[in-house]
Structure formats: C-alpha cells, structure tokens
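These are the structures in question, set out in turn.
One chain, chain A, appears in both complexes that follow, with chain B as partner in the first and chain C in the second.
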Partner chain A sequence: MLSSFLKASKEIVYNERFSLSNGFLQSIDPRVKVFSFTAFILVAIVSKSILPLITLVTMTFIFSIASKIPLRFFTLRTAFALIFVALIALPLPFVTPGSPIATIGNNGYLISITSEGLFKALQFVLRVWACITPLILLTLTTRFSSLIHSLERFRVPRVFTNMMSVTYRFIFLFIDEAYRMILARESRTVRGESCLRATKALASMMSTLFIRSYERGERVYLAMMARGYEGNIRSITRMSINGRDMIFGFFAIAMCMMIISLEYLHIGVV
Partner chain B sequence: MSDLAVDVKDVKYVYPDGCVALDSVDIRVVRGERVAILGPNGAGKSTLLMLIDGLYRPSKGSVHVLGMPTNGNTHKVRMKVGLVFQDPNDQLFCPTLWEDVAFGPLNMGLDEEEVTRRAEDALKAVGLYGLKDKAPHHLSAGEKKKATIASVLAMNPEVLVLDEPTANLDSKSRIELIGLINNLHRRQRITLVVATHDLDFIPMVADRAYVLNRGHVVAEGALEDVFSDSKVMEESGLEPPTLTKLFDLLNRFTGFDAVKPLPLTIDQALHEIRHYLAKSRLEPQVRRAVPKES
Partner chain C sequence: MHIPDGFLDLSICAMMYLLVIPLWIFALRGMKRVLSDKQVPFMATLTAMFFAAQMMNYPIIGGTTAHLLGGPILAITLGPYAGLISMTIILLIQAFFFGDGGVITFGANAWNMGVVGVFVPYLMFLLFMKVMKNRNGMMVGAFLGALLGDVFAAIFAGLELGLSVFTFPYSVQIAITAMGVHHFFIGLGEGIVTAMIILFLLRQRADLLKLPRVAPLWLSSIGFEEL
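Our next item is the complex of A and B:
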C-alpha cells in the first residue's frame, strides 16, 4: 500500500508531460503566468460571494482545456484536495447560527442545519477550489526550473528558491530510497504481521531515511563547495516577454478587476 | 611554477569522531600524469581526494596543488581541481542539466557570455548537449556520470580527480567514459587522479599507481610493478586485472612464456599472443604446450 502511494506521488511530482506539450499556457512566459495566477488567487481570497468564485474556476478550466490538459485528469487532480476541504467544511452547516432549514432530533436535543451555514460551507469549498485550480494549472503547464526562475525575478528571497529547487531535486531520490527500503522489507515479510510490529518497522525506517538524507546533504554540500560555492547560487536565465504574453497579462488583470467590481457592485450576490 | 600538480606531504587526517582516515601519506603527481589511487573500501581514497580538492584540511602535514598550499587558498584550489564525486546524485542538484554545468563557471565570477560558452563546450565535449534542458533525475546512470564530468570541465580544471568513476556503470558507459577521460588527457594535457578498486579499468586510464590500505600508502610505482607485487595486492584485498592473472597462470602452467611485466590491456595481450604464435611457428614443438580449448 505504502509503496504504491510513493509511486503515485512520484508520478504526480515529476510528470513534466504537460509542461512540455504545446498548449496555450505552455507558450506564455512563466513570469506572466506567475503574476496572473497569483492575482486570480488573491481575487479568490477576497471574494465573498459565490458567482465570482464560480467564474474563476470556470475560467481556469477553460485555460486548462486550451492548454491541452485532459479535462478528466484535471478535474480529478483538483477535486482530490477538495475531499479534505469538504471534511473541514462538514460541521459548518450545523454550527453557524441562522434560520434553520432542517432539524434533526427530538424536543430536548436539536441539531439544525441553517441556510447561512450551508452557504458558508459551499463558499468555503468553492474558495479553496478557486485557489488551488490556478496553482495546479500553473505547476502543470510550467517547468519547475522556469517556475523557480520567475519567482527569483519577482524578488522571492534566494534562500527560499534555492531551498525549493534543491528539495524538488532530492525528493525524487528520497522517494526512490524509501521505495527500495519498503520493497526490501516486503520481500522478507512472509506472513502478515501485526500492526504494532509494522509501526515499529516504519519508525526505524524513518530514522534510517533521516540519517541517509542527512549524509546525502553533507555530500551535496561538499560537491557544491568543490565547484566554488560560497554561499549563494547564481544563475543565468533567459526569458523574454512578447506581445502574446502582454495580452494574456492584461486580460488576466482585466478579469480580476471585473470580478472584484462585480463583487462590490453587488450584482452577482447569490 | 611548480612541476608538481599534486604534492601531499606526510599527511594525517583524523575525522571529528577520532577515526584516523589517513596517516603519513605522501603522494606526488607530476603535471600531465595519469595516476591511480588504488585500495579497498574504507582505505581512505575518498578522504584523500577531498584533501586534494581543499574540502578537508589535513590534521597534520601539508597538501599543495599546482604549487599552492590548499590551506588558505581553498577557493583557488577548487577552481583548478575538478573533483568528480562517486555518486552523480550528490553532484547534480539543479533543476536542469544546463544549470548544473553552468554552476561552476558562475561561481568563478565569469560573465554570462563566457559561462554560456563554457557550459556549451563542456556539454558538447561529453556528448550531452542535446539533453541540456533535461532534469537530472531523468538521465540514465551513464549520462549522469558524463554530466558530472561536464560540470567540472566547464571550469577548465588543470587536475581532474575522479572518485570511483566506474561505480554503477554498464559496459557501454564504461567504454565511453574511458574514451572521454583519455581524450581530455591527450588534448588538454589534463592531470588525472583516479581513485578506484576496479583494477580491470585502471590500466586504460592510468600509468602509475599508489596503493592505499587502512590509511597508509603501502605501494607505489608503475602499474605493472604494483600489480605483480602479489603480497601487497593480497594484503590490500585487491585482485589484479583478469588479463594479468590469465597470463600469470599461462606462464606458470603452460609453455607460454609471456615477457614480464605481464600485459594489462587487451592490446598488450594481443601483442604477447602474436609474438608467441610467431615464435611457435619457428619452433613447432612449442605449439603443443598451448591448451587446446583456448
């Protein structure tokens, strides 16, 4: 079970299939994408009503289709996170004060579902969805290296971007290492074992993995120093913004403005 | 300028946990030489290479590279010495291959044009230019090894230091690696220091060897001499190359009379056999001594 989970996560993290295909968003400059998608997320955070959130999600889905990402795959990827969000939102209809629309229980102990609560739950789920869909779309259509470079262009501290890129590079090895350890263990496990023993084994595996990654970190650091590393990673990036990128950027800003004005003119209040 | 590329004088190295990795080690490598550091696992080979690259400081004694002491010149020394680590995964840490190769030149403070040129040249030299935008985790083991060599070549090192270069390589990658290393040696007169326990590989990339065992240099000299010193070889847990062993057995148990030092490479062996066949044509009675199976 654990091994298949590791395999799946590796597949998700490392699949560059879509970012290398020739869809619409793939052709847009990563900096423009990072900027526009951050704007979308900000709009999603400040929106209080449901229509702007739905507009955002719909727009993201249209972009994903234009970027040649299979609709089913994209829906599943974004909906996966919603399972957890829905769990968090579950109590909301019951605990929010307001006008009850349904009541469970007898006279003494009443639990009622309020319309305000339902609205709140729906709003919460939609908002999270509107935040994660642009993020997922961005990472699907952009190569990780370009993403890091555009963050650097936006003055995200180097410590942060360096850490991200090194983490990204070594998660792969880490997963492989864990996978091999699990396989090695499974190959020596003949009968089913008790939960306690399995947990103990997992704990010792984790400590071994920790030591191995610590040692790997030391060696990577030495290898970096061997090539003249003295505290900061320099890089050369060649990115250019053309007319198409500009149009996309302006379109994105215009969309955000429109959604926010919808919100404040109370046109789209549901 | 000093004639010595690497000069290790009476070096002792003690790890922080008190374990003595090297003791009274003396190693001298002349510029343009190809030298092997041989020894079993845990003999201190990697530690020695770290000392040569100025990554570790000797606890006692001194290490000079191209006339400069590594103490106090670490940055300069690291620019001149290209150290290729055993595990390519330790060395390739950037999101793309191109960035990994450009990492060294960028640290040298070169301008963008020069960095680009050097990175391109290095990638072309190892034949990986077509893969420059690939992520390291999508490369094969052989490609990764070549990539690490490109990443140090881009710094134009004068001394190339390789730690177990054939570890985890298939035979095709091995052959390519040997070709690559020797090309560099021939064209750029680069000094080679190769640490390994793969003795079938070493005759193709080195002329002279030091044998390390438990932190001490136990033998040094031309490869042929080192390999024929069976006592040292056995004590150090090293096995002579298959060819050398074969000719040793032929000498001992058949009428075959290979000239010492015994052949180390296929070319030398071929020469030996031709020589023997020519001789046996002149003296037919020798022919019977050759085992039929061979």
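Our next item is the complex of A and C:
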C-alpha cells in the first residue's frame, strides 16, 4: 500500500520537473498544445489501419525527444499503461475467426492463432498507445497552473478550475498525511492480520482523515477569506500566442489531415 | 474503471458528454444554491482528501486489492451534486496528471463514476433511512448503496465498451459480465468500508453527517430528519 503513495508523489515530481525544463513543447502556448493534442487523440480513435497509428506514435516520440524528456523514461511511462491493454487484447488472436497461421494442441482440442485476430490485437494495442501518448506528453510538458489557465480559456466553468487548482495544492498534503498514518500503523503491526481487522483499521483511518480534512478545509476557507478572497482566483500569467505557436498549430492540423487521408484514401498498404 | 482514450467510439463518447453536461449544469446551480462561491476552497480540500483516500487499498477476495472510488461516502456526506462535482475534479486530475482515464472518454468516466457511482448510493441510502429509520438502516443503506453503485457503474462502463463496435474488440455480453463480476467483489469491499466510515463518523463526529447536502430540490427535503 505504501508503494502506491510513493509512486504517486514520484510521478508528480517528475511531471513538474520536465515541465520546467526548456524543451520544445514547453515553449508552446498551452492552449495550442491542448488543442493539437486533442486533435491527435481524435485522429487516433478514428484510425483503423496500422500505418497512421504508427505515424502518430512516432510523432509523439519525436516531440518527446525534442522536449528533452529521456526516451527511456517516456517509453516506460507509456508502456506501463499498455500492459493492461495488452492483457485485454491477449485472447484476441485465439478467438477471432479467420485463416489460421499456427495451431496448438491435438485431436479435437485445437487452438489456432488467426492472422485476423493478430491484426485486431495489434490494432487495438497500437490505437490505445497512440491515444495515451499525446495526453502523457501534454502533462509532462505543461505546468499545472498554465494547464488550468488554458482550460479556463476553453470556457470550462470557473468553479471547476478554481476547485481544481486548490485541490491540486492539497493533494500532496493529504497524500503525505495518509502516508504517515499508514506508515505508523504498519510499523505497529507485528504479524499478518485478518482481513476484517485490516478493513476496520482502514475505515477508521479514512474517517480520521475525513474529519481532519474537514477541519482543515474550514481553516483554509477562513484564512483565505481573511486575506481578501472573493470567490475568484486571479492569475498574473498572461498567455500570448506567437508565430511559433501558430506554426505548431498549423503543423498539427496538417498532420491530422494527412493521417486521415492516409486512412480513408487507402494510400497506406495495411 | 477509468476508461482510457482509444477504448470507446467517438459516437459513444459524444453521447456520454451529452448525458453528463446537463447534470454538471444542475450540479453547479445546486452548489450555488446551498454553498456560496466562496466555499470552493472548503470543498476543494475535501476533494483532495478523497483523492488521497483513493490510494488506500483494501484486500478483496482472491488476494488482490482494490481501492475506494469514494463516490458513496461523498454522496452521503455532501450530497449527490457536490459528490458529482468532487468526482469530476478527481477524474480531471487523474486523467491529466496520472494517466488514468482520457480526454475524449472523460464524459463517459464522469457519467459512470460521478453520476451513477454517486446517485445510486445516495438513493439507496435515502431509501433505507426512510424504511428503517435507525442506525442499522444507515449501515445497510451505506453498504448496499456502495455495492450497487459500484456494480451499476461497472455495468455502464461495460455497456459503453461493448457498444463501441469500432474500437473495442469484444461484445457487449463479455464486457458487461467481465466488468460487473469484477466490480461486484470490489463493491463488497467498498460497501463494507463505507458502512464502517459512517459508523465511525456517527461515533466520533455525528455533526459531520448533518452538513448541508447539495442535492436536487425534490430530494433535498427528505430523508435525514432521523439522524
């Protein structure tokens, strides 16, 4: 249980570290990035053949290198999510009807791997990969506050963006608090304990955490009021779209159109 | 249960957005009615706490572990509309910063976990409070509510996946069975933990169960007099 907390804080630290370095994508306006990356994901969802999907994945990897994200880290990060996807796709080569390319087993109990099934599995895994890499790249190269700011510009209601920015701030605190509570408990526990007792302890920890966060919430609210909070969080960063951002946006749109035409004009072989 | 991008068809994603957007609007109006704009930081700290709580795992049958969704306890303590908003924030942060879920599938995830996973537990809780009118009613309501909330959310997820004939390679029956059975066991854990949290809160700080609840008008007047 402890490791999941450590993993979470490590991930956030990584996120912030890369978003502060001076790579290519870090210098692009967040609004343009959100727009173009959403377009990439949309294209990946409607793509059926392998070639456009591979193009999309390759492109995001090139972007990640240009943005000074270590290749190994980026690959591991995106591939980690794929393990689960690959598990889902695993039965596909066996259950899809089609022309068999390999057969296992003997008399009557034959399991055959079909080429149609293999294609389907490959297509599924590649599509999900092409969909998740842009999102991961977006968050790795964009600071949280500027992402929130650009969401605001996309007319996401203020209540959401305000709540999101305050929530994000307090997540670290509560992760720390929960981590300490669990660490303290585990160091007091000598032997493996019954399922019921573990559940009971978890529930009491959660209710304690709930009470503490309620009280902290009240204090934070009063403290913010005392400092002149009036229901709105103002940002001093001004975002401006310059020539570079425009070029990136146009490039993204052109890329998307090209991939769609690859897909629907059947230029690609597979 | 977080569905990543690439699993659902565009048409399904669009439909789920259309379903959930009106509820967001109602929920925001409800928030304005019950809480003032200024209480946003207060809601936000509670949301952050549930975010952290989602990382605590509980053991389920078969030696595996699952984590809380938090929807039921949010619905019972803050009301379903506030629960929907909190879950939406949690899902947004998870989608953007932890790679759980996606942008295009966000409407679907918000519907499954934010609407179904919050309203079903709330309604079950109200029902048992009405019928049994005592602490046992609360416990049973919280347990069954959390269990059914999880199962229904999973069934919806399975339905969305199964109906995505273009992107998802398995049929509706397989998707619903896989999701439903899996989340029945997760829901058992969630139900037990939720009921226990309600019990602990009743013993330690019963006033926290009497906070103003952000609920639809036709629901907000009933149910909690017995506390």
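Quick note on the criterion: the second predicted complex is superposed on the first by the 196 of 270 C-alpha atoms of A that agree within 3 Å, B and C clash if a C-alpha of one lies under 4 Å from a C-alpha of the other, contacts with A are read in each partner's own complex, and residues count from 1 in each chain.
One rule holds for everything that comes next: a contact is a pair of C-beta atoms (placed from the backbone, for glycine too) under 8 Å apart; a residue touches a chain by one contact, two chains touch by 3 or more.
Note that the structure is a prediction, hence the values are computed from the model and not measured.
Once the two complexes are overlaid on the shared chain, A:195 sits against chain C while remaining clear of chain B.
Judged by the touch definition given at the top, the superposed model places A:166 against both chain B and chain C. Of the two partner chains placed by superposition, only chain B is touched by A:228; chain C is not. In the superposed pair of complexes, A:145 makes contact with chain B only, with no contact to chain C. Between chain B and chain C, C contacts the larger number of chain A residues.
Once the two complexes are overlaid on the shared chain, A:49 sits clear of chain B and of chain C alike. In the superposed model, A:112 lies in contact with neither chain B nor chain C. When the two structures are aligned on the shared chain, A:236 is found in touch with chain B, with no touch to chain C. By the touch criterion defined above, A:89 lies against chain C but remains apart from chain B after alignment on the C-alpha atoms of chain A.
Residues 144, 166, 168-170, 173, 216, 220, 224-225, 229-230 of chain A touch chain B in one complex and chain C in the other.
For chain B in complex with chain A, the touching residues are 50, 53, 55, 75, 78-79, 81, 83, 85, 87, 89-96, 99, 102-104, 106-108, 112, 115-116, 135-137, 151-152, 155. On chain A, the positions that touch chain B within their shared complex are 14, 16, 143-145, 148, 165-166, 168-170, 172-173, 216, 219-220, 222-230, 233-236. Taken in their complex, chain A has these residues touching chain C: 1, 4-5, 8, 11-12, 15, 38, 41-42, 44-46, 48, 77, 81, 85, 89, 92, 96, 120-121, 124, 127-132, 135-136, 138-139, 144, 147, 157, 159-160, 162-164, 166-171, 173-175, 177-178, 182, 195, 198-200, 202-214, 216-218, 220-221, 224-225, 229-232. Within the complex formed with chain A, the residues of chain C that make contact are 4-10, 24, 28, 31, 36-49, 51-53, 55-59, 65, 68, 73, 77, 85, 88-90, 92-93, 95-99, 102-104, 166-169, 189, 192-193, 196-197, 199-201, 204-205, 208.
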